[in-house]
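Each structure below appears as structure tokens.
In the two complexes below, chain A is the common chain; its partner is chain B in one and chain C in the other.
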Partner chain A sequence: MTKTLIRYLPLLILALVWEMAARFEWVSTTALPPLTDVVRAWVELLLDGELLRNSASSLYRIGGGLGLSIVIGTVLGIGMAWWKPVNVLLAPIVEVFYPVPKSALIPVTVIWLGYGDGSKILLIFLGCMVPVTIGAFNGARASEQVMVWSARSMGAGKLRVLWDVVIPGAMPELLNGIRTALALSFILLVSSELVVAQKGFGFLIGSLGAGGSYDAMYAVVLTVAFLGFAADRAYLEIVRRTLAWRSVT
Partner chain B sequence: MQEPAQIVVDNISHLYRPPRGREVLALDAVSLEVRQSEFIALLGPSGCGKSTLLYLIGGFLPVEKGEIRVDGKAVAGPGPDRGIVFQHFALFPWKTVRGNVLYGLERQGMAKAEREKRAMDYIELVGLHGFEDSYPSQLSGGMKQRAAIARTLAFDPKILLMDEPFGALDAQTRGLMQMELLRIWQRTPKTVIFVTHDVQEAVLLSDRVAVMSARPGRIKTIVDTKFDKNDPDIFKNKTFVEKVDEIWNLVKDEAIKAQGKRSA
Partner chain C sequence: MSIEVQTPRDGVPEILGRLAWTLIWGFARVFSIVALLAAWEILARSHTFTPFQLPALSAVLERIWSDAESGDLAINTALTLYRAMAGFLISAVGGVVVGMAMSRNAAANWFFDPIVSVGFPMPKIAFLPVVILWLGVYDTAKITIIVVDAIFPVIAATVIAIQGVERELIWSARNMGANNRQLLHQVILPAALPQIMTGLQVALPLSLIVAVVAEMLMGGYGLGGAMMQASRFANSTSVFAGIVEIAVIGYVLIKAMAIIRRRLLIWHPEANAPATA
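Moving on, here comes the complex of A and B:
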């Protein structure tokens, strides 16, 4: 408990400095409203349902896009590592697509699927699929020959080896790729909602900012930051449990 | 009447194709016969193709020239009649010791109660009782190799292929494991092909030692090393010392040749 407190002490100090900077007008309160005002605005947003409504639609988009990317990216990555023809077909596509800034696709996805959920889900899916595919591919390709041979000599067929040896062996790298995808999904979500959307965190940040409600705008920014942080922590806990075999001593 | 051989290696040649660089003739016209329940060591300098020969018998590498027959049938792939133990254990790190030992039994379709009991029996046989729920990362090198041996013995292959199984262990553990293997082998006599570059180990464990030449690998000679190994002072035993000396002289030239080739 004390340890956690000490660990997050810098954040507390930052909050305090923020509050003072605004209260004593070291900076303009338009640029930085006092933190206490931000908290008050947050409570208001929560009470009038605005925050929950927009959260729900943002989380739906992340869930859809990220979920799809995890399923399809894993299948593609392992397929590329396991069957040469799949690799020959997909490797150049992944290579070329890898460095494309995915935010550049925002207008494209809007043209395809409109202003609603579809374009956001597609964008998150496309962006997140890359790290998931690469993680699954690297993990599956590194599967140890001797382990595969051992399984084969114990009577496991090729598909059995894939399921029993290659996939568990790929897990650490795959889970790492998914973590990158998780962080990326928040970035893509907010940027796409900032550009064109009628709901969601990005939309809320943009419209509150445009309307001059800076304290409320900050409240939404902090909400997204906190959600991203919490999601990463929860994810790390899942990883820790899944890979318990690795860290036990 | 001589019993027909269980494993027949008939005029095998094998090309090793590295991902980069020129292909190398790893094995050149190798023939070998192994009888049932015999313990034979393949001995030679590193790079002589002894592991390649083992992998060919295991069915892990495709036979390109010549033929390998096990119980009269040509080897076309891996199978549970031939169990293998690798130098670096090849345990599944995400499974416990019990999970690893159970794996082969599950693949054989053994009933649950029976395989649970059998797994525990073999864990006990290799002296890992109390560690059945440990993960490989929690075990020492010697314990990992015990677990790997239990995993392979448990599904009861007729033939045990061992690829420098004690090569990654420290000298003391190695000595203990050699004794242990002899004990286990006397209780569950299987045909064993044991790859090593350690002359003492080869003489200590096997009935015959096939000495291989430096690349391209050929079988230079086969030395009979069957004598009473139950002498508690085996390392000072006259027959043992003579055999080690005889084989060491055969291997020495090859080791020097292999060294020369590598530094060239």
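Moving on, here comes the complex of A and C:
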């Protein structure tokens, strides 16, 4: 307990400095409303349902886009590592698509699918597919040849080897790729919602900021930041359990 | 240290074989790209989609050409590059400095460690409106938000890299009479370089992503701003042209980074390892 406190003390200090800077008006309170006001604004947003409504639509978009990208990205990545022709066809496309700053696709997804959920899900899907595919590909490619040979010689069919040897072997790298994708999905979600949206966190931040209620804007910004952090921690915990069968921690 | 293995001298058949292989491989590498571009052009001309939804590739290339002729392309590209690279360089230097301070100084570590571990996974792009509130919409604000996003992977990579330097290396250097400064410059930093480079390779695309978003939101010149402007006027040809331009920049920067990595780490065993994507 004390240990945790000492560890996270710097964050408390920052919060305290924030509160003091605002209370004693070292900086303009418009630019930096006191932390306590931000907390109050957060409670108000929560009570009138505004925050929950927009969270729901944001999380739906992340869930949809990330879910699609994990499924399709894994299939593509393992396919590329397992069948040479797939690799020859897809590797150049992945290589060209990989360095594209995905945020550049925001206006196009809007042209294709409008201002609603569809464009955000498409953007998150396209952006997150790349790290998942690369993770699955590198993981599956690195699966130990000796293990594959042993399994083959013990009479396992090709699909059996794929399912029992290659995919478990690809897991650590794949899960790493998914972690990158998770972080990216939040970035793309917030970016696209800030640029064009009618609901969601980004929209809420934008409209509160435009309306001048900066304490509420800060409240939503911190909420998104915290959700991104919490999602990453939760994911790491899940991974730790999933990979418990590997003796590496 | 791995020992260089001298490859046997090549005869003519080996060289020819390798040439044929390079040609086939080179063709295979571009085949799907060419097919994709051709499909784009055919699909756009077949009127399956309206020109608004999918302008033809030829029209997009024409637009890029006319942008280049009018000089808009040069201005927008230069500005976007300037912001992204300024943000990236500040993050690179700042991240390495903070990371080094954290690994060498207990107080710095105590202070920054929770900030980095909590801040790294956060979607810091959400702070964009706050940055606008503080700094306005000009270059300072754009570069600031880029640094806020791109510095975390550099710090984290530097800390992990320095932790991972083999104790024996440090002991030997100390034993041979290296002082702190020499130890840092000649032993720790070179040994940590591969992982630091990995951090930089995460930070670079991130800088571009954030630069584009910042330009889209804050307006003004720059490729992101130009795309947003075009999409407001439903000018989808220009939007697609913007994507192609930004994609090319991203490709060139990331390739350049990979080449720099290979140059800097030519002494490292990884230089002999097969390249990964």
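We take it that the second predicted complex is superposed on the first by the 246 of 249 C-alpha atoms of A that agree within 3 Å, B and C clash if a C-alpha of one lies under 4 Å from a C-alpha of the other, contacts with A are read in each partner's own complex, and residues count from 1 in each chain.
Just so it is clear, a residue touches a chain if its C-beta (ideal position, glycine included) is under 8 Å from a C-beta of that chain, and two chains touch if they have at least 3 such contacts.
Just so you know, these numbers come straight off a predicted model, no measurement behind them.
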item: Chain B versus chain C as contact partner of A:Ala41, first or second or both or neither; value: neither
item: Chain B versus chain C as contact partner of A:Val190, first or second or both or neither; value: second
item: Superposition-derived comparison: chain B or chain C, residues of chain A touched; value: C
item: Chain B versus chain C as contact partner of A:Trp245, first or second or both or neither; value: first
item: Chain B versus chain C as contact partner of A:Ile121, first or second or both or neither; value: neither
item: Touched partner set for A:Phe137, first chain B, second chain C, both or neither; value: second
item: Of chain B, residues touching chain A in the complex; value: 55, 58-60, 77-80, 82-84, 86, 88, 90, 92-95, 103-104, 107-108, 135, 137-138, 151, 155, 157
item: Chain A to chain C touching residues, read off their complex; value: 6-11, 14, 30-31, 88-96, 98-108, 110-112, 134, 137-138, 183, 186-187, 189-191, 194-195, 201-202, 205-206, 209, 214, 217-218, 221, 224-226, 228-229, 231-233
item: Partner chain B, residues of chain A touching it in the complex; value: 144, 146-147, 149-156, 160, 164-165, 168-169, 171, 245-246, 248-249
item: Touching residues (chain side chain C, partner chain A) in the complex; value: 28-33, 36, 52-53, 110-115, 118, 121-130, 132-134, 149, 205, 208-213, 216-217, 223-224, 227-228, 230-231, 236, 239-240, 242-243, 246-247, 250-251, 253-255, 276-277
